[in-house]
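Chain nomenclature is as follows: A, B, C, D, E, F and G, assigned in order of appearance, with residue numbering initiated at 1 for each chain independently.
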């Protein structure tokens, strides 16, 4: 029974891992790809860790597993946010079908635009 | 990084990471871990916090200058090695004290190797976070 | 069970390989960082699977450490991306390189820099 | 396994030497990190490979453990390597700040050529 | 800072400072003079016992392991030299006191002269050949400092260095020669070496020993082709030239040849080496002497000529030759030193040494003139001076020893005639006659300055008139020492009308002719010299420059300042040395020990290799970092799979931390430069080195991993980890207990690295810093 | 929650990590927890810290649920051959004021299917969201404002 | 005396830590450091006495028996070198108090200096190969720190090369140690002596020996691996250069000697011949380099390389006679290099430059100091009866004993050429009158915060040229006195060197000390010996 649950959990986790990878490969721009990795990837790891904790079923392993999951779920959205913010502020190229409705963010924009043009100059000045 | 989300979460993380780091240090003698790994985790926590809040806050968190922390760690390791010289053993010979030992259970083992490892831990925490603080302050 | 572990390992490995491919292809630095992030997370999965496979829960400790420290890498890279002067895409990178070479050849004739 | 891992060592060694020989200090740094990995890998590998038997003593567990000594050596080497490489990284940064280039061929401030003619003049 | 020094230089006019100078100079002078007198008296007191055949000896312990002991032995030869050195020393110190009275360097000079005298006395008194060498080198150094005494003058510095290099180089050869001599004869004691007779000449290394020792002697005694340094050394002040370059130091080589003649001589090698070198030296320097108008240079060249002559005589192992050499040595020391000192007085009084500008000095400085004229007469070999006896002996010796007497005899006559010519020049164009063109009126010098030339000149006269004493107590013991057998010699002014006397008469005649045709002769010689091949000074110059040039070229070629160049060489050295070793020691491999490959590992390795290749060709920094990360993670996975959990964790954490650091730093660093057009050959060379490095490393690693491993140590750890160190994590127990000292060092590295990084980051970099 | 309670929680977490709630391990855990709290003192008042920790744990559980849903949706998009997505970057006005509120909201947004918090405007009035499936931006804003944000604010105020 | 060996290691280590923690006052740090080095000096003499009277002294760390635990062992060679190290340490510490700028001390100068000593002493004391690697790294990272402390751009430029090449050596060393472990299963050097001959695959042993040669060759600055040295030494503050020049390469030489006498003795004659050849080339190229340059520090830096060549000859010839010569040369070389660099520092302070063309007049201005320089220079050249002469004499005797005509020839040529650069310093800086140049010129910086710009007679920047003070004179005169004593009474040191060499050639005392029960071991010592 335990083995069954473990097997399901880890195969499911593996599946999500593969999906995350596939999504990273197939989806059209970086922000959309992040939807795949942050969600499916985190879930994949979480499921597998859960499977392990079920298998060993000791309080130590369960605590460890829960800690891993907690860490992952605390950090994944923050990490995604930081990368996405950088993508946005540096004006990285996005899929051409992307709709922009970000007028309210202009104040933030100004600063980063200046930074960008400075950087472009630096880029040439090797 | 000046991100509200990040800095809020980082406060939470640093606590967890420090706790985990002490756990690693403590368990190192019997399970994976030890002073170096524990120290690195603690330093990683401090760095996460520092990346969110800036180097000034990292200094505040450490309270003493990282260099001092590093050298205190080094001295801790040295002193742990010197203790056995008092009972005329060689440098770095393990000295153990078992709290609550019974016939079957050894109880809670405290030994100079643990103190040694604490020294390592302090060196790594101070060293790594000190480097990052200096780097952040310079940039 | 054994089979399940192997399947899960294979699938995770696929995820990691996909991550590596994305990392190689880019084209933007953000893609690479995202890929690295995914690989880190999947390594947590791998270490857990190894714990199962080798029957030793100690391998989980690595997962724990990695979960913590992986975040640090992501943050570091995100900051790098946001603040550095790195080109936003490989195309821009090539363009900049070309421009830099032009400047070089224009100013200092026969000098080749690598 | 041995052949595969030796191949790996060979390839990694080649790549790291290639990077070390490049004129760019950052590439040199990458090569350094890589070559440290190679050294660690070699120590680990020649210490004998045992799959999945961590050197952790369990009550009543098997008496078969992976060779613990090379592990300890590699661990020490990794830590030392970390210290050295961090230093080198910061040095590269400072050197760039001071000299204005990362091209090692252009870093010749410290060794101004001493022309034979010059030395004759001054003697 | 520079300004201070000029002001200091000028400050010497200040009388207070002068008083200070005089104070320290007086002390130095007193020390020097008293030492010289003490030694002279001491030597004199030993004269009779040494003449009776009992040498004065002293033995002390110093460095027994090397056989270098404080063995001193004063026999006849040592006594002769000792008397000359200390006796002339007295006169020279006195002279110097007057010569340098107000000079800022007076004290320094007196101390140097004293040091030199002591070194010289040590040299001629040592019985241990290494001890002898030690004094030999000390004379070299003191003479270097003395030649460069007038150190603000470029020429003086150049000459000093030249003297040092030539004699120092010879000294090195001599050292090797002496060690070999010691090893060949089984003793470092001169007395024992001499006693061992022909042991050395029959030794297989004899030619080498001879060559090396003669190199030392020839350089020191200015024999061709090392003669050039001596005239250049005339940059030294006159008393120094008088003391070192006529009477003492240059005779050190002669002393050595005399000393070793009995053990090294008597062979064809010895004979030809000495006679050829001495002959060429004598002839060449005679010609050069006639070219000079500077009296001091003229004297210098005649010194070289005298040294050549003595060397030529030492070629033979006949007693008459030794007698001639010893006698001439004394003669020469007397008159040459006197003349040098006299010329010093002339220089001091008139400001010139050009004999064309000088004349009739007897009117202004009569005492100096007296000494000079008497010395010159001795030099010319006129009776009743000791010079006459010396010359007669030379002719007698020449007639006795030469195989082809007429050539040698002619040469000897020519050389002596030149001496006559030069002596007459001194007498009649400087002191007694000639026209003076100098503007200021010369004055007679202080008494301390004329006492030297006068005493020496009179000594030359007295010993000529009464040769008996000096023969019995000095010359005969010296000749005995040279011959290593007791010799019976007798000197007298008058031998009747014989071959030598006739030659003497011819000599005087030719000399007078030479005196009158000096300008013509010197012009002829000048023409001749220009057509001759490069010798001496210019050869030295050429050799020095060439060496300097080669050194610079080679250094600059190797030490380019480019790190990539250095690294290329380092890796080439690594690859070549290991590859060559592998070629000569083929590694046998036991392929039965291979273990099977699992697919998981294969995938990991594949990914790592791919990432490494990506790293090789990556042009973007981020891609490179990522690829590096993949390799590092792969290594960690390998650690993990093979049971090294702690290592894997550490590897990953360190990798990550490094990535964070590098990402932070890279923000401030420029992107990779464009690599689309690298220098092709360079790239190829790098690639070859890189691939070769990989190949050799792979082979070695494979070879070692197929070798069975002794696990004694590991098993010990496994057994004792829990039992004695109370830990289940063996790796950690190794780290904190079994091998805790490694960890302590490791922690020290981390601590120091952290402190270093922090300190480095605090450095303020000045973009326009000092260059 | 008082610092003492937090400390107690840490002590038990420690004991659990050490594989068994025993007297000695809880005691040690308490000491370690106290040390951690002591170290963290300069960060903020202990009570503030405690509530953050508690919310963190509670929200984490909520995240898991949301995560599974969103992953499935992404998986669907990845696995089907056509991209149905209509991505958009939308600045959504928000009411959340405190850092904690904004953080929780943003993270929840990130874990919700098809949306990802990208940035927060300097005046903290707008949250920039990247959404995968947007037909009408205004509708999206309303939905987020009325749905997710209200729930978060209710939970936290 | 369980703690003597470890005390030699811990005293400088604790000095390093305490000097930083206890005070931030510049002078106090120096005083703590000086006291630490005095303590080390006393310990080292006790150690030397013990070794001289009772043979090698060893101690097992943690009480774990060899070859399991790490061995600390001092045989005669180690003891001699530790004494010399302690002398250099004391001198440089005192000198540094008078020389090093406040910024550098605040950055941890004395900590790094003492850590460097820790590394050096550790390398000399350890009987475990991997442990030796660790101490090498301690030494290396400390040297890095000293290299960049307060650095200007020139210093950083030199540091890049120094760091880069030394790191390569580190990696090669680590690899070599790992491979040797893979072949023998032990890291204990005494145990290796027994086990290396038992390895079936001797070809691999030879290859690994070559790897060690390359790795230590870089550390020891052997041709063609020495480039890092002339690239960096002259860019440093004098106190640092003095300690580098004195000790760093010698540790490499020590490691070569130890490795090739204890681990790969005898049968690897290819390596010996190679060492001999490399020694000759290194010797000549070192002197050539010195002839090329006109900066005193660069001249001396190349002399360091030249002397490395001399030391290699001893090892290459391989007899006790030659080895004794090399060890004596090492003692002489370490001390004389430290002395000469400290003197060069005074020249720089008095003359405001290290460049010969800008120097002059020192003989006139400072006759006493000139004599000190001349004394040191002549000692280096090998003029009797100074220490260099005995070193040369010993090497020549050994060479002649082996009938090695080429060696003799090269030694003679190198010795002769050595005159040129050193006497050029004398001629230019001391004898030549002070040059009076016009026009603006930047006088070399002596320290990061000292820059003098001259325009004719007007100095347009603050000339911070510090006149030498008591802290600077004391070690120079003290060390000169030591050198003079060695020159006049070399017997004792030659005797000790000979003893050390004999222990190297016949390491049975060493082995017995480390492995007292080894008679049970299968390796027959007598078979392995030469």
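The definition used in the following text is that a contact is a pair of C-beta atoms (placed from the backbone, for glycine too) under 8 Å apart; a residue touches a chain by one contact, two chains touch by 3 or more.
Listed by chain with UniProt protein names: B = Na+/H+ antiporter subunit B; C = pH regulation protein F; D = Cation:proton antiporter; E = Na(+)/H(+) antiporter subunit A; F = Sodium:proton antiporter; G = Na+/H+ antiporter subunit D.
Note that this is a predicted model, so its numbers are computed, not measured.
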item	value
Where chain D and chain G overlap in contact partners, by chain label	B, E
Geometric centre: closest chain by C-alpha means	G
Separation of chain B from chain F, taking each centre as the mean of its C-alpha atoms, in whole Å	29
Euclidean distance of C-alpha centroids - chain F vs chain G, Å	60
Approximate Å spacing (C-alpha centroids) for the pair chain D, chain F	41
Euclidean distance of C-alpha centroids - chain A vs chain F, Å	14
Numbers and ranges of chain D residues touching at least 2 other chains	20, 22-24, 28, 38, 40, 42, 45-47, 51-52, 54, 56, 69, 73, 75-76, 79-80, 83-84, 86-87, 90-92, 94, 98, 103-104, 107-111, 114, 116, 119
Touching two or more other chains - residues of chain F	13, 17-18, 56, 106-107, 117
Multi-partner residues of chain G (at least 2 other chains)	13, 17, 20, 61-62, 108, 111, 130, 134, 137, 141, 144-145, 148, 151-154, 156, 160-161, 164, 168, 175, 179, 182-183, 230-231, 291-293, 427
Touching residues (chain side chain B, partner chain F) in the complex	3-5, 7-9, 11-12, 14-15, 18-19, 22-23, 26-27, 49, 60-61, 63, 99-100, 107-108
Interfacial residue positions of chain A with respect to chain F in the complex	16, 19, 22-23, 26-29, 31-32, 34-36, 38-40, 42-43, 46, 58-60, 63-64, 67, 69-70, 73-74, 76-78, 80-81, 84-85, 87-89, 94-95, 97-105, 107-108
Chain D-touching residues of chain B, taken from the complex the two chains share	30-32, 36, 127, 131, 135
Residues of chain E defined as touching chain C within the complex	600, 603, 607, 610-611, 614, 619-623, 626-627, 629-630, 633, 637, 640-641, 645, 648-649, 652-653, 656-657, 659-660, 663-664, 666-667, 670-671, 673-679, 682-683
Contacting residues of chain E [partner chain G, same complex]	1-6, 8-9, 62-66, 68, 108, 130, 133-134, 137-138, 140-141, 148, 151-152, 157, 160-161, 164-165, 168-169, 172-173, 175-176, 179-180, 183, 544, 547-548, 550-552, 554-556, 558-559, 561, 563, 566-567, 569-571, 573-574, 577-578, 581-582, 584-588, 697, 700-701, 703-705, 707, 709-714, 716-717, 737-742, 745-746, 748-749, 751-753, 755-756, 758-760, 762-763, 765-767, 769-771
